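Letters A, B, C and D mark the chains as written, and numbering starts fresh at 1 in each.
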Amino acid sequence: MASYTDKEIMAISAGRLIGQNDVLFAGTGVSMLAATVAKRVHAPNAVVFFETGGIDPSLDELPLAVADPRVMYGSCVNSGLIEAFAILGHRKLRTVAFLGAAQIDSFGNLNSTVIGDYNRPKVRFPGSGGGCDAASLAHDTIIFMQHEPRRFVNELDYFTSPGWLRGGESRMEAGYTRGGPMAVVTDLGVLKFHSKTKRMYLAECYPGVSPEKIIENTSFELDVSQAKETRAPDERELKVLREEVDPQRLILG
Amino acid sequence: MSEERIGDKLMTAREAVERFIPDGAQIALGGFTINRNPMALAREIVRQGKKDLHLVCHSHGQAMDLLVGAGCVKRIEIAYAGSGRFAPTSIRFRKAVQEGALEVEDYSNFQMSLRFLGGSLGLPFMPAKTGFETDLVKKQGFSESSRTEPKVANKKMLEMENPFDSGRDKVLLLPSLTPDVALVHAQYVGDDGTARIKGLTFADVEQARAAKTLIVSCEEIVPAEHLRQDPDQNQLPHFLVDAVVKAPYGAHPTACHFFYDYHPQHLWTYKKNAGNDRAFMDYLQEWVFGISDEHDYLEKVGISELLTIKASRITGYAPGLDRR
Amino acid sequence: MSEERIGDKLMTAREAVERFIPDGAQIALGGFTINRNPMALAREIVRQGKKDLHLVCHSHGQAMDLLVGAGCVKRIEIAYAGSGRFAPTSIRFRKAVQEGALEVEDYSNFQMSLRFLGGSLGLPFMPAKTGFETDLVKKQGFSESSRTEPKVANKKMLEMENPFDSGRDKVLLLPSLTPDVALVHAQYVGDDGTARIKGLTFADVEQARAAKTLIVSCEEIVPAEHLRQDPDQNQLPHFLVDAVVKAPYGAHPTACHFFYDYHPQHLWTYKKNAGNDRAFMDYLQEWVFGISDEHDYLEKVGISELLTIKASRITGYAPGLDRR
Amino acid sequence: MASYTDKEIMAISAGRLIGQNDVLFAGTGVSMLAATVAKRVHAPNAVVFFETGGIDPSLDELPLAVADPRVMYGSCVNSGLIEAFAILGHRKLRTVAFLGAAQIDSFGNLNSTVIGDYNRPKVRFPGSGGGCDAASLAHDTIIFMQHEPRRFVNELDYFTSPGWLRGGESRMEAGYTRGGPMAVVTDLGVLKFHSKTKRMYLAECYPGVSPEKIIENTSFELDVSQAKETRAPDERELKVLREEVDPQRLILG
C-alpha cells in the first residue's frame, strides 16, 4: 500500500466527492490540487474555474494563487470577477466550491478573518476573499481544514462564510437560495452534515486514524457512530497528483 | 476618429501622483493579489509620503501592503489581504490591524466588485445575495464618526425584503463606490489615450469607470490605429483616462500577462523583510526611497532576474519558472 | 482543458426549437434592430407555429416583428420597436398594438439592459436612475391578471428613497429578467461549445447568462484551440450553452459584423409587404413557410444579392453598399 | 447666399451648439448628421458615440441606425449597451445627447410612444429606446422636431422622456442628478428654455421665417420676444455636410 502525505490524501479524498459534470470553483493550495486531480482522475468532463474569471484553463503548470497568470492560459473564457461570481451562483450549474478557513463550527460556518475581537484582533487573517461568496452561492462546498481543537471550535471568533448557520432550515430562512457544505476534508478524515439537523458528523477516518483521535481534535461534540475507513489513495491517484498536477511539489511541499 | 492625441495626459509617475493624489484621497487599486498591481505608481506614492489614504480593494497584495507598510494608509475597505503563497495574509496589513493602526471594514470579493460596478453605472447602491447573517453584515470596522466623512458610506450595508417576491426573499444593499482615483496598470495604451488590458481584467474596468480620476500606467504606448483595428479588445476610452504613465515592468514584482510573471525571488525577499519593522524600513529604503525612478529600480532588480520572469508571448507566463 | 466536445449540443434549427421552445416560453432575442438578430431561429419558430410567446427585448427589429406578425407572440416587454430607416416603427408590431392584439409593457433601453444584467448576476432586481415620473413608471401595459403569471413580474417597477443618502436621492427598482430561453447569433462557436461574438455585443452576453436555456446559432464552428488562443475575446463558456445551430447567414436580413451587412433590398421588400395583412401572408409563405430550411432560404435570396452585402474583413460592413 | 434644405439647416444649427470637448450621443437620422457635422466643422476634439457602444468610430460611411455595423469600425472601444449608458451619465463627461420625438410640450418633455390611450393607442411609435435614458442622464440634450402644432402640444399623450418636467426645480426634485434639454432645433428655428421657469421660448428664426409663423405652428403659448435670425449655413458647413458626411444623401434625402 503506497505511502502518502496528509496533503495528498486530503486532495484525493476531496477529488472523489466530485460529480461528472460539476463545475469546480478552485481556491489556492490544497483545494487547487483537489480540483485538478478530481478532473484528471475522476471527472474528465468537470470544468475547473477560478474566481478571477479564468474558466477551464489548460493548467499545464499549477497556479499558486487564483490570480496566477497560469489560470489565464488555454482557458475557454477569461472574464472579470463579476462574471466569475455570476457563474458560481448560476442556477443551471452544479458548482462545487473548495474552501479553506482558520476556524469551523459544528454547522460548517467558517472564520477566515480574525482571532479575538474584530476591532482589535489578536490575529488577523486575509478575510473572506471569495470564500463568503462561494459559501453563499455554490451548489455545494467542500471545506479543507487541519484537524485541530483550536480550528474545530464551538463558537467562531468571527463568522465570515455561511455553512448551515444554526442548522435545520436556518440557512434558507436567512435568504440563501441554495448551497451549503457537503463535506469537511481534514488531515485525519472526512466529515459530513446530518441531512435534517445539519450538524457535522464523522463520515470517514483515514487508515490508521481512530475516531477517538478525531474526537480529541474537535472542541465540539462529534457523532462518530457512522465512521467508516477511507479507501487509501491508490497508485493511479497518487501518480496523477505527483507527476501531472504538482510535479514541482509547490503545494504538496 | 477624433484628432484626440494623448498630448498633455502623458506624464511621469511623479507628476501623475503630485497632480492627482492628494493626502486623504480614496484610491481604488487595480490588479489582484500577485497580478497587475500598479506598483510603479504605488512606489511613487510612498516616495512622496502621501498620508491618510483611504484604500478600496477586493483582493489585494503587494501594492496595498507596501502602502500600508509605509504608513500612507489611514482606512481600508477590503475583502482579502494576501499574496497567495508568498503571503497567506499580507504582512504589514496584518501587523497594522493587530496594532490598531488601521481602520478596516471587511466585505467579500463579490460585494466589493458589485460596489465598483454600481459606481461605474451611476447607481447609488447594488443588491447582493451573499453573506446573510454573517459578521460581514453584523460587525463594523469603521467608527460612527468615520461614517460621517464624505467618502465613507453612512451605513456599511443594509438588509431588505425583495419587493418583487411574495415570499420571504431577502437582499443585502451595498453602497456603491466612486473612488477619487483609480490606479490601473494595462499592457497597452494607444497614442490617443485609449487603454487595452490583456488577460483577466479582475474589477479594473469597473474601478476605472467608477473613479473621478483615472491614472493608467502601461507597458507600451502604441499607435491608436493599431488598437482601433480591434476595438472589441479595448476597455477604457481615451476621454475617461486622465493621466498615462509609461512604466515598463510597472507591475513588478507582480505579474503582467504576456509581459512578465510574478517574481518569486523578490516576493520571498519582501516576505523576509516585512516581518519586522527595522527590516521593512531597510526594504523601503533600498527599493523605494533610495531610488529616484523606475529605471533605477529596474537596474537594481537586474537584467538576469528580469529574464527569469520574462513571459512567453504564447502562454503569458514564464514557463518552468522556479517558484519554490 | 476539459474533454468537453460539442457532441450532442450540435443540432438543426428545427431540433433546437422543437426541444427547447415550448408554446408560452419567455424568450430573450439577441441582437439590436438591424444587427445580429437570430433570424434563422426566428424563422424556424414561425415555421413550427409556436404560440403565446412572451418576448423580452431592448431595441428590436426584424426577428421581433416577424414573430409578432406571424401571430406567435402574446406578450412583449420592450424599449424600442423599429429597424432604423427601414422601419421607424416595426410595422407588424405597430399594427398588432393598434389592434389590441398584443400585450405590451414599455421600458427604456438602459432599464431593460439592467434587468438582463440583474438576471445574469442572480440578483432579484436592479436600481436605475432613468425615467422618474415618466409614464414608463406610471402607466401599465400588462393587466393585473397577467401580473400573477409566473414569468411576469408582480410589479412593473418601484420607486424608493436611497437609504445611503441623507438627502432626497431616489432610485427606481426594476425586476430582473431570467428568460426561459435566450437566442443569440454569434460569429464563432468552438467545437467545445464556447461562443465568441465579434463587434458590438449589445446585451446578448447578459441575456445569454440570465437565461435558463441558451441556444446559439453561428456563422462558423471552429477548433476550440483557436478560440482558446485568445480567451479574452470569448464571452459564453461551453457549460452555459445548451444548443448550437450552424447557420451561415443566420442573421439575414440583419447584419453580422465581418460576415455580411444588413440587406437593404430585402428590408425594403419586407417593408413593402408588411403594410397589409394579405401581402404579409404572401411574404411569410414565400420566405418562411414555403421554405423547408435555411439552404433553400439562401438559394432564394440568391448568390448575387448575397455578394452585394458581403462584408469586408477589414471594415466589417459592405463598403459602398447602395442603401437608398 | 447658398440654398439649403430643412434637414441641412437643422443639422448645422444643432452642430453649432456643440462645445469643444463634448461627448456626442448620436441617434439616427438628422441627429446623426448633426453630431458628425459638429465634429467635422466646429469641434474636432468632440467624440461621437452611439448607445449601442460604438465609441468614436471613423464614420467613413454614415450609419443608418445606432446598430449599423458602421458604428463599429475604427472606434476606440466597442462596448455593450450597459457600458454605453454608463458613459452617457458619467459625472466627469459633458455628454450631449441628440433626441427626436413625436410630441414635445412647453417644458421639453417628449413623447415617442403612442398617440391616444396607451392601452389601445390610435398610433403606436417605436417607444423610448435610449431616449428616456439620454434625457435622464446626459449633461445636455438637443431635441429635433418638425415644427407643427400636433407636435408642439400643451399635453403629451404619453410622457416618455424627461425634459424640465413641470418647470422650476421639479426635475431635480424628481430624482434626476443633472441634465435637461438645452435647445429644440426645428425646421423653422431654434428654441431654448428660460433659465428660471424652464419654459420654452423662441431663440432664433431661420432666415425668411417670421416669429408669427412659428407661433402658428405651436399649440402652447410661446414667448418670441427674444427671437433673433439664425445665421444661414455657410459654404463650408454645407460642403462638409453634403460631400463628407452624407454624400449619398441617405438621410439628407
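In this section, a contact is a pair of C-beta atoms (placed from the backbone, for glycine too) under 8 Å apart; a residue touches a chain by one contact, two chains touch by 3 or more.
As the structure is a prediction and not an experimental result, all values here were calculated from the model.
Undergrad: Does A-C or C-D have the larger number of C-beta pairs in contact?
TA: Of the two interfaces, A-C and C-D, more C-beta pairs touch across C-D.
Undergrad: On a C-alpha centroid basis, what's the spacing between chain B and chain D, in Å?
TA: Chain B and chain D have C-alpha centres separated by 40 Å.
Undergrad: Based only on mean CA positions, could you tell me how far chain C sits from chain D in angstrom?
TA: Whole-Å distance between the two chain centres: 28.
Undergrad: So the centre of each chain is just the mean of its C-alpha atoms; given that, what is the distance between chain B and chain C in Å?
TA: 37
Undergrad: On chain A, where are the residues touching two or more other chains?
TA: Answer for chain A, listing residues that touch two or more other chains: 54, 72, 78-79, 82, 85, 89, 137, 177.
Undergrad: Would you give the residues of chain B that are in contact with at least 2 other chains, written as numbers and ranges?
TA: 114, 121-122, 129, 169, 171, 199, 232
Undergrad: In graph terms, with chains as vertices and touches as edges, which category applies: line, ring, star, complete, or other?
TA: Shape = other; not a path, cycle, star or full graph.
Undergrad: All pairs of touching chains?
TA: Result of the pairwise touch check is A-B, A-C, B-C, B-D, C-D.
Undergrad: Could you pull out which chain A residues touch chain C in their complex?
TA: Where chain A meets chain C, its residues are 21, 23, 39, 44-47, 49, 54-58, 72, 74-79, 82-83, 85-87, 89-93, 137, 177.
Undergrad: Using the touch rule from the top, collect the residues of chain D that touch chain C in their complex.
TA: 28-29, 51-54, 60-61, 64-73, 78-82, 85, 89, 113, 118-133, 136-137, 158-162, 165, 173-177, 248, 250-251
Undergrad: Applying the document's contact rule, which stretches of chain B touch chain C when the two form their complex?
TA: So the residues of chain B touching chain C come out as 114, 118, 121-129, 153-155, 158, 162-166, 169, 171, 173, 175, 198-199, 232-233.
Undergrad: Spell out the residues on chain C that touch chain A in their complex, using ranges where they run on.
TA: 1-4, 120-122, 178, 190, 192, 194, 209, 212, 224, 227-228, 231-232, 234-240
Undergrad: Residue numbers of chain C touching chain D in their complex, please.
TA: My answer: residues 31-35, 58-59, 78-86, 88-90, 93-94, 97-98, 100, 106-111, 113-114, 117, 129-136, 138-139, 141, 159, 168-171, 199-203, 205-206, 255, 257, 261-262, 311, 315-317, 319-320, 322-324.
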